[in-house]
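Each in structure tokens, the structures are laid out below.
Below, chain A partners chain B and then partners chain C, in two separate complexes.
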Partner chain A sequence: MIAPSKPDLVTVNIDGREIAVPKGTNVIEAARLVGVDVPHYCYHPKLTVVGNCRMCLIEMGMPAVDPATKSPIMDPATGKQRINWIPRPQIGCATNASPGLHIRTQTPQIKDCREGVMEFLLVNHPLDCPICDQAGECKLQEQATGYGRGYSRFIEQKNVKPKRTLLGPRVMLDDERCILCSRCIRFSKEIAKDDVLGFIDRGSFSTLTCYPGKKLENNYSLNTVDICPVGALTSTDFRFKMRVWFLKQTNSIDTESSVGANTVVWSREGRIYRITPRRNDEVNDTWMADSGRELYKAVQATDRLTAAKVNGAVSTLDLALGAAAELLKVGRIAPSAPSPIAIVGSGRSSVEEQFLTKQLADALQAPTHLVSRVGEGDGILVSADRNPNTRGALVVGLVSDLPKVGTALRAVRTSSTQSATTDGSESRPYQEIHVGGLSNLAADIDAGKIKTVISVGEDLTAAGLTAAQLAKVAIIYLGTHANATSAAAKVVFPTLAVFEKNGTLVNQQFRLQKFTKAVPAPAGATDDLVVLVQLAAAAGGPALPADIHELWKFIAASVPALGTMTFANLPETGLLLDATPWAGWSFAEGATLHYQPAGGSPP
Partner chain B sequence: MAVIPVERKPLSLAERTYLPQIAAGLKTTLKHIFQPTVTLEYPEQRPTIPPGYRGVPTLVFDPHGREKCVSCQLCEFVCPPKAIRITPGGIDPADPAAHVEKRPQEFEIDMLRCIYCGLCQEVCPEEAIFLQNQYSMTGYTRAEMVNNKQKLYELGGTLPDAHFKWDKKKAAEEHGNAH
Partner chain C sequence: MPAAAQRRIIFAHIDEPGYTNDLACYLQHGGYAVLRRSMARPPAELIDEVKKSGLRGRGGAGFPCGVKWSLVDRKSGKPIYLIVNADESEPGTFKDRYIIHQDPHQLIEGVMISCFANNVKQAYIYIRGEFPEGARILERAIAEARAAGFCGPNVLGTGYACEIYVHRGAGAYICGEETGLIESLEGKRPYPRIKPPFFPAVLGLYQCPTIVNNVETLCHVKYIADVGGDAYAKIGTPNNTGTRLLCVSGHVQKPGYYEYEVGKITLGELLYEVCGGPLPGRKFKAIIPGGSSAKILRMGETFALKNKDGTTRQLAVEDIPMDFDTLAACGTMGGSGGVIVMDDSVNMVEALANLNAFYAHESCGQCTPCREGSLWMKKITTRMVHAGARSEDGALLKSVADQIAGRTICAFGEACAWPTQSFVAKFGDEFKGAAETKPSTKSDHAIELV
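And now, the complex of A and B:
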């Protein structure tokens, strides 16, 4: 951790430039602030410092003082205090800023040091770049460009080590490529709290391996692949799929839980290849869970809805909107009677969609429900509330109270405790998530009060409604994938997955975060905003724009908490909203990284 | 602009008969009849291709029959008209070339886009793609003009290898560490 709690500033001099940094700041970080790159492999800003790669060597000096009197010794040539340079290089990662510290990174000695370290690192490194997945984002490749000699003086036989070791179900190890930086070991021990990795043997025989009988199979194992500076650890999912230089990076948000880990979606020509974490020191540091990296697979699933349907028959968007408008005209018996239409909103929808759902509900004066998804938090980056945007529904006023924790159990395949069996097939235990919160709606349907249900992306069967209850009502369903609700629905609108649209989510810290469109939508699917705007208009609501930038003007005007916002000016690291109206509420989440539940205990 | 009439010289008798000109022409013709021919009866006769000629890009096997391409996709990256499209893939552990780990599942070069620049051959770190002597690509449809992996290996055949990099790698793996 680089920043001490008290910003006690000290002035250090790096390559002749003075900069004030908090006392104790790492020299690599301090140099980064003045735009000086100190090459490194083992140092990682979120892990402890071990200093075993020796790449970040720097020259270091302190202002000279008289040992007896402690008075500064001045240099008569310059008139300044003399600097006592340490004759040998020091490692930058383990050098902390102290008052008057002087650093030189561009001297011939340092260049020699870096070239020497590079040569030793490359002595046994295989010529694997053409088949190595790390090529293009490999620190060794990058530093070899700057400090490599271009040919090898090593004429002896290179070391032979295991090339294809499965450390766990998702991580493949190539020991020949490993430069023994120990980032993965430190990550497993310090962040994932699952100490399974270590080095065995000595000298050039040193080999990374799992402890006997253990596997790297925790739900954070793929972070070791991200932080591996070389291609030693590769993801079995992404292995040999695509070279990274072809992939377009789009900033997104992990929607598996209310943590809202910041992510980068890597896609090429409309196909997503992988999801990696994006650094946000307030939310997820530089990590994310493995389970969130698999979410892109649903985008290409075969059960995607790609055509609007009316009464089960494929239709056009216009005809489906017409049919939905007819269903919404079912009037109430008397003006004072409760509305026969109910709306099921979703904690998986974006803030914009929830705002439009709220507009639709207001126009129909319909009661709104929210589906709750509560599982078990892992205390790191998967929280108990598996809805990424429950708080968004509170902020825009879609619901005024938290949904009840459901009783319907849905078994969800989770990566957290899965293990690969000897025959290669994965045996994954199922983790149970409580889906529900619709008991009031179920009672209303049974009592015959509700004739029409609009479900915004929620499978009502999974949320605890029975098939008999679904059969009693006309359902308008907006969703991405086929399920029991889409099969029972009178009108189905195929909508977009999170990677195919722009929007915002409010995470457990009440931090408003933006996700952007990574890939185009499949043919036939319509933006949720377009459908909701049309439905709200058909229900007699105000005319709203479906364009997200225009829509935000309305959101800012009607939601006080979002008053100063536009979609464009939302920073990439998110914006913390005022959470005081919900202070003391009992949210489902327990403590996770950068989050402490305030007030009440989890229900 | 002033018009200046130019007086045309009247033709002489010899010029009016055209005979000297015909004779001069026949002399040139006769001279070439007895000279060696410089044209070819294409397509029955084919030209000899000079070394360094850049024909149709092809994929090659090494002398041991291993496909040399490891689908690093550098050619796809460097290709100026974006004619190359590679689907990378792994190699089955039971395959004799399993130690290479990677080979193309599919490799397509669109010859309607290819500009025969040779950058793919230049960039290839495995010496697997060569612009060889084939210069005539024809077809009736656009699809026919896309060379797939099988066609590329048919066109490429086997070329000598100076390094046998992967064979050395496998030998070292089997030999183990020297010390």
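And now, the complex of A and C:
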């Protein structure tokens, strides 16, 4: 990991407390460091500063110097340099740290400023909190409580504006609630690079809207809902579904691509209601793609596998493990002959599952394969490699080379295509993902060298194997959903989706990131780790624990970069691993936010 | 003592019989001779003349023009732009329009001298959208000047190139705020920029150093380049140099344009002697001395002003000299020179309701206090006029205005708060009394401007 260059530190004084901060840090961020809350609406750490809400007004002063001699003017009363306070309040968001900057946030003037702005923001606000989705996570509510007067002096008619404007397929606008902070406009322009939002009319009648003929339908549109400080922008998916204070938050990782955007999974009573981004300044800042927010829907799908099966018949886990053990005993003809068993690992499995898959492969001396998924990166937070953990398979040694980019195509409807145009056609084309990497396995099956295939979570048909090839081999399938492979398999183990288990993934930066269990698995499904540990033992491998914390001792021992790190201690922001063994490899990814491919752009 | 005579510098020829706004007429009256002479001088010398002149901006704020020019970042390597602020929208002000209509070449000459002094290659005249005739006159005048070599690719054969473009606004008061104007000129909504960091002198039009000057100010620059800064500084009073155009409107016998040396005429002389006093049977009640945003003066009030020697003197409204500093000391401002006169027929609550309707309509809506406060004040005063007045409304109005002034991105916050603050402070009795008066019989549209 390259150490960041040491920033130029300056000392500032906030409410009498001195702190050294990097030069140019604004007052809101500097105050945060000393535990002082400077309330704000329009300021967002990842967007340009516009200073329009006026909530972050503070008093600012600079040490007095003699204009002629430039020598400090001392205050005889305190013996310190006198501070020249500017009588006008300044905005904290656009006031940057400079040497000797003094800030006061707790004076009567500032209290009056905040009360004034709060009152102004509420005079035309509908105050429909009881039916507003933002209630419970609304800055207007929080800061009205913290900084408002608590009573109203407004007896006039409130302004009337549009209440239900569909800005795009996933975002609904209530203009009456909008406080015109322009965060969504700046996000669309600066981050999503899709400048479709703007204000029309003026004064208090200003109204947020899409430009004529445009829609807010890019794959990042839901970030505008996240950053909307009030209930003006709401998600059509989450709207009216659940009160946020009932929801449990679980840290997770977006598995749609190798970016590994950090996420929070919001659930209640075993059901997931939404996924939002979690700030990680090294990976995804505060953003994530809309497509990654819909992944939870697969968890509740009707085609989930919920019972172990042997030869198509429902079985118990023990019987299925026994049947699998029998299949694994189909030994080789001679000790020196190649194994008739092949293992198809997955770049969607966690590092722990890949580690156990590797143990299983070692015990069987079986060749391993990895399914590749390569699409087009969007340059923001969806990368070309749609496997979230290709690099995990390299780190644990499950495979020693990148899988070949497949030719089998799977058309994926990304979120951005859900809206239909007026004539009923899709507004954007289906996005193509090349799934494959199993051509060697296919050749081996055709040649009769392979008799048994263990697939850890991969649909072999989707990856390019034909039904005839599947029929030639006995398949042991671990997976979450029914598909052609589970239908053809001799033994099926229903396993867990990413939201139902703990684990780690290695993203494109070789950053090891942790996801944790948000909801319980459906009845009948078994933790992948349990199945893999049992299979490895049946194959004559070492006895390994299925508990992730115990298992980590073994993983840490075999992956030198991990040292004494434990699963519990893994930082929530991830751990950057040593990538030098793979330096110069041509990975599929192009540049995305916070990622530059090392060896130039891929072919 | 009779009032001092007018000193017509800007209006030297305007209103003369036979004086037209075409180039031929301007040349007959010695036009562009100053530009020719100025271009033979080093540019820095011209900037020095403006600094020595003490010229203060005539747009409203009265900021010294020489200081404004000296703040321009000349080392950035970026082009420097000059913008002529012809977005004259302040209620009660109509001088720039008259200059443009009657003597556009005077402005163009002032612009070209300023451009040459500051090494500007492109100048924009941002003219108010409601001035279509003014824009046509300017376009024609620029075409004439360009054909004659007074602007364009090779000015007066010196090789110096400078183009002047006319840009029409779309009818928004906020475009008179210099950073709002710049945003509008760039093709965006005229949301004023935050300062810091976007001071026009450093990060102005297209993020380049930019000078924004008022029409009248630039005409004064032409005169300064003619007579020299020292000679100009002798006109008017110290720190309030030159002449200024006063636009008198409202309840006087002779409203109109008057040009006087700054500070050489008092408000009383202007109203009673120059403008002929109140209408028959009426008495003056209140004066707004510098455009609608300036705080109102109530006839009969007196001000205790400090003299230089530390003593104080009492000054009646009639005795206030019309200069920047004294008007500021009296709690109001010289502003744009628009003198609005109200006599005893005016209901001050209705007058404020009219002003508040204007400011609520013109608030750009970018920052919270002005956006919400201006409309709230309008709603209160409109309600008061329509018989819904409460005894506490005066205090509420003042409190709302106090929550706006000084807390906004641009000076519009003060502009919309000062009328309310001063009306309520000085005519509190009328605001209190409004609660007891009978419903107004005036039709709604008299008040409801929006």
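Keep this in mind: the second predicted complex is superposed on the first by the 580 of 603 C-alpha atoms of A that agree within 3 Å, B and C clash if a C-alpha of one lies under 4 Å from a C-alpha of the other, contacts with A are read in each partner's own complex, and residues count from 1 in each chain.
By our rule, contacts are C-beta pairs under 8 Å (C-beta built on N, C-alpha and C of every residue); 3 or more make two chains touch, one makes a residue touch a chain.
What you see is a predicted model, and the numbers here were worked out from it, not measured in a lab.
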{"item": "Which of chain B and chain C A:485 touches, first, second, both or neither", "value": "neither"}
{"item": "Which of chain B and chain C A:250 touches, first, second, both or neither", "value": "neither"}
{"item": "Touched partner set for A:242, first chain B, second chain C, both or neither", "value": "first"}
{"item": "First, second, both or neither for A:157, with chain B first and chain C second", "value": "both"}
{"item": "Partner chain(s) touched by A:346 [first = chain B, second = chain C, both, neither]", "value": "neither"}
{"item": "Touched partner set for A:495, first chain B, second chain C, both or neither", "value": "neither"}
{"item": "Partner chain(s) touched by A:130 [first = chain B, second = chain C, both, neither]", "value": "first"}
{"item": "Contacts of A:508 with chain B and chain C, given as first, second, both or neither", "value": "neither"}
{"item": "Dominant toucher of chain A (residue count), chain B or chain C", "value": "C"}
{"item": "Common interface positions of chain A, toward chain B and toward chain C", "value": "156-157, 159, 205"}
{"item": "Chain C to chain A touching residues, read off their complex", "value": "172, 189, 191, 194, 196-197, 360-369, 371-376, 379-380, 383, 396, 399, 402-404, 406-409"}
{"item": "Parts of chain A lying in touch with chain C, wherever the complex brings them together", "value": "49-55, 57, 88-89, 91, 94, 112-113, 116-117, 119-121, 123-124, 153-154, 156-157, 159, 179-180, 198-199, 201-206"}
{"item": "Complex contacts: residues of chain B adjacent to chain A", "value": "70-74, 76-77, 88-90, 99-102, 125-126, 165, 169, 172-173, 175-178"}
{"item": "Residue numbers on chain A that touch chain B, as the complex places them", "value": "126-127, 129-131, 135, 156-160, 163-164, 205, 239-243, 245-246"}
